[in-house]
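My questions will all concern the structure given below.
In order of appearance the chains are A, B, C and D, and numbering begins at 1 in each one.
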Amino acid sequence: MGSHSLSDRGPFRHIGIMGKPRNPEAAETINVLQDLLLEKGFRVSLETGVGEGLVREPAKLANWRAIGEECDLIIVIGGDGSMIYAGRQLADFDVPMLGINRGYLGFLTDVQPTQTREKVTEILAGDYLEEERFLLHAGVSKEDQTLHESDAFNDIVLYPGEISRMIEFEVFIDGAFVYSQRGDGLIISTPTGSTAYSLSAGGPILSPGLDAISLVPLCPHTLSSRPIVVAADRKIEIVFADTNQYDAQLSCDGQVRLPVQPGESIRIFRKDHSLRLLHPKDYDYFRLLRTKLGWGSKL
Amino acid sequence: MGSHSLSDRGPFRHIGIMGKPRNPEAAETINVLQDLLLEKGFRVSLETGVGEGLVREPAKLANWRAIGEECDLIIVIGGDGSMIYAGRQLADFDVPMLGINRGYLGFLTDVQPTQTREKVTEILAGDYLEEERFLLHAGVSKEDQTLHESDAFNDIVLYPGEISRMIEFEVFIDGAFVYSQRGDGLIISTPTGSTAYSLSAGGPILSPGLDAISLVPLCPHTLSSRPIVVAADRKIEIVFADTNQYDAQLSCDGQVRLPVQPGESIRIFRKDHSLRLLHPKDYDYFRLLRTKLGWGSKL
Amino acid sequence: MGSHSLSDRGPFRHIGIMGKPRNPEAAETINVLQDLLLEKGFRVSLETGVGEGLVREPAKLANWRAIGEECDLIIVIGGDGSMIYAGRQLADFDVPMLGINRGYLGFLTDVQPTQTREKVTEILAGDYLEEERFLLHAGVSKEDQTLHESDAFNDIVLYPGEISRMIEFEVFIDGAFVYSQRGDGLIISTPTGSTAYSLSAGGPILSPGLDAISLVPLCPHTLSSRPIVVAADRKIEIVFADTNQYDAQLSCDGQVRLPVQPGESIRIFRKDHSLRLLHPKDYDYFRLLRTKLGWGSKL
Amino acid sequence: MGSHSLSDRGPFRHIGIMGKPRNPEAAETINVLQDLLLEKGFRVSLETGVGEGLVREPAKLANWRAIGEECDLIIVIGGDGSMIYAGRQLADFDVPMLGINRGYLGFLTDVQPTQTREKVTEILAGDYLEEERFLLHAGVSKEDQTLHESDAFNDIVLYPGEISRMIEFEVFIDGAFVYSQRGDGLIISTPTGSTAYSLSAGGPILSPGLDAISLVPLCPHTLSSRPIVVAADRKIEIVFADTNQYDAQLSCDGQVRLPVQPGESIRIFRKDHSLRLLHPKDYDYFRLLRTKLGWGSKL
């Protein structure tokens, strides 16, 4: 995690605002933020979905693609879900993101709303920590033809579709057969996602800077199945067996769902572009973890 | 994992033999191996403890230090325990190791005794896979003075000494406070150790090539405690709290035990020297895992 | 578990045969069994679905209801799934059941097909062990009006319907509030079901004779959630919260599915009628468990 | 759980006080309690260890045996540890116990110190809930001769003695072989103990009224090992294998430790006498559980 401390103007000119749409609390923070940014002379774009009705001259509305192309900092107001949504869309643009929390206490939105002015001012002045978080890409294919694809910031989950509870699949890593499994499915998680659904399923916490992916089985029929952690540059393939009688689904961050039919394959690899997350200087990942999980403080 | 294929003489001249002492089955394989090596004109040294009474002219007995200094390949006959014992001693010498299994089916001794002649011949000809496995170093210190230290190939375990069951400690990573914990202790595991004790304690499997360490709590009092995986270059410190009424112990691979008193600290980091493991060309880590853990084969 | 040893004719007159329909292996065993029973002078009824095309004079076809009413022993040929299916339908009739295995090695169908003549002959002579296994009843209701209901021999599972992954619900035992939970759902399991889906989800094994029910959470958001075991005569209520945006489903043994809408309640209690299972005299529950789970045999 | 509501004098005459010795906070509550009891005209005995220096005329000091024989209610001031200690000693006397909490928030000491006067007054008037909690008896024997024995209120734990980490043992239930296991040991827990050490080891919560015992393995080498729950009247035998090279220990409630040598057997069964626990009328087990474990409150 790099640390920046620029004393003058700072590195940013044009700030994009995204977040939870139609939410009164998020709207309140968007207003505070807009005022602060305009007052300081920044150019400001509000994402159309969230900014409609809130935009103040001379800020303007823009779609997420324009925001990704034009802005040099994106501030997301919402919960981890909003951040993940924005991150998945903006990963290709190499723009840093900052989150202001207006949801459950999150792992990604680490500025509290009451601190908006103070923390954002510091960050605009170039006083922040920056870290990279990678994303995964998943493609569903049949006979080497890609049928559906999407990205994931947290996790990719293979699970039963509407009817059946138990699915069967084979897992390969860099082409080497790992195991076949029957069960409720499989989670492929980034370090970012390792404190989300994966944790509920018994997966390990991967430290944010770790260049690794975890494979966490969901209620596996084989009782000796265990989470496996592999280097992030390995290619993972899941073959959804011909023997399944019903379709499965592939969820990306719980926000995008792709259909998977018996005989189809899922290929998962790390995206080339990582996401740049900004944090206030006093950011402390383990403090966040202790608070969220109720872990013991100093003796 | 690198692959070597030299057609002629191969890279080795002087072979060291180590392994399980006073074990009739290991002795049988040592004899087969000695004959093979001498017949092919290699120089051979048997480690004193294991070779006493077995050595055949012109092979000679030598202590492990001489073996580390003089040999350019070490073959260990025994189980994973023998391999770990040898590995911890030889890590500083940069000599590659090969294991022939004469114990429980292991993860490290992947040549079966019936295949000794065939597989060793291939490997001596330079036809093998080579991989690196890192070790950990642990030091117990008080007020920055190191009191005891050792290395570990599998894992370092903090656990209660003779009397008390519950111990209290704080964990720091690169100086940042992670949590305090009460419980039966903590396992710090390498990828190699992740399929040993750590796995029984609920830890994840770390793929052998992964540059990471896992921290796995033993029966933690805080139910939301979970295994954490961090990059292998991070420094881990465990402070064994002043509040403990009894001593703890620090086990390295279950083979070396260091005493730890209330108020002392344990510092753990990756050793600079890694161990070079050789495998036959048909080595398949996941096949080993499937066999050992009873995982499902292809559908 | 009671033991019977009658030397003469035995307690049975009219035998019902049920099982896996349209399965060549099951059909083979049905023929062996039919021959044996007719040769010994028993009256024989084949369940219509499974017996069509197989019935031999003077055996007759009958639906499951007639079988439940007329027979004094029912033999099921198939896997645990067939046994559970038959058990759920016949629980009200107080007829003992015996299983002959023609599926995966099961917990309920403990006569192997090659032993059919030998073991069935013994049992018909009154030489068997008998045990009781209770069933659960589940009713989905709104404002005290029951909308859907069913029985379960293994387990009752609340889980998300088509769209959402995370559901919210409250659990009550004998009217006392236990907890609210967000997650993938909840398994309510009998001892019989404790070695099925519940085991994959981290639930404990309940010994078959134990008069208890387990509540096992599926990927609970609260990491300190744990399986709870309560006496079998306690009433369990799950309130599927109003706050859910999508429907859930209630699965009984994975064979019957009932819809659950936000604001509806699920009430679960033990059925009055238990199922009577017959086993050969050499039946050994823990041997079965050791074989199925790969547990260690005697040292 | 029975409910009592006597309006007049109440069922008690002579109250025994036990608890945490040499603890200023416990002493404070003992004084409040003594004053209350003497003022109301009860006879009062303080256990010698805890009451030395605190006793007020006409209360008297007595050893625990005299307290068990003479008193008709025992009030314990301390944490769960004090309650368990008292319970193990007094189980044979059939005297009800009440706990006032002066330790960590406990499961057994459910009167808070600030409520001492109010709650104790109610209970003395006969206004309380009463429940039974059973204890276990463990005997270590060799060739059918008992060498050591003790009782346990929470749990009996077999674990390695000083030197070795891994022990081997066989488990039998009512004489039937269950499994052999290598690992860190085994917990045999009552429902009372199921929220203590057993819970940290992955065991299920057994509802207090459940007549059952759980067997929870500690870091078992066999990954498919799982907690098993059996009826409380079953006899459990653990054979500490001849193949172990070092001694083991048997802990009763973590307070009594018995040595176990290779080849010795441990027999565990429910004690005939149960403990009678009194609670204030507003006692709510699941509320306690929610508070202790941080579970979700009503939606």
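What to note about this one:
Everything that follows uses one rule, which is that a contact is a pair of C-beta atoms (placed from the backbone, for glycine too) under 8 Å apart; a residue touches a chain by one contact, two chains touch by 3 or more.
Source: prediction; values computed, not measured.
Chain centre most remote from that of chain C: B (centre = mean of CA atoms).
Set side by side, the interfaces B-C and A-C show unequal numbers of C-beta pairs in contact, with more at A-C. Mean C-alpha position of chain C lies 37 Å from that of chain D.
The centroid of the Cα atoms in chain A and the matching centroid in chain C are 42 Å apart. Centroid to centroid, with C-alpha atoms defining each point, chain B and chain C lie 47 Å apart. For chain B, the set of residues that touch two or more other chains comprises 199, 202, 223-224, 226, 293-294. Remark: chain B residues 223-224, 226, 294 touch chain C in the complex. Residue ranges on chain B touching chain A, taken from their complex, read 168, 170, 173, 176-182, 199, 202-207, 209-212, 214, 222, 224-231, 234, 241-243, 284-287, 289-290, 293-299. Touching chain D in their complex are the following residues of chain B: 157, 159, 162, 165-166, 183-184, 197, 199-202, 218-221, 223-224, 251, 254, 293-294.
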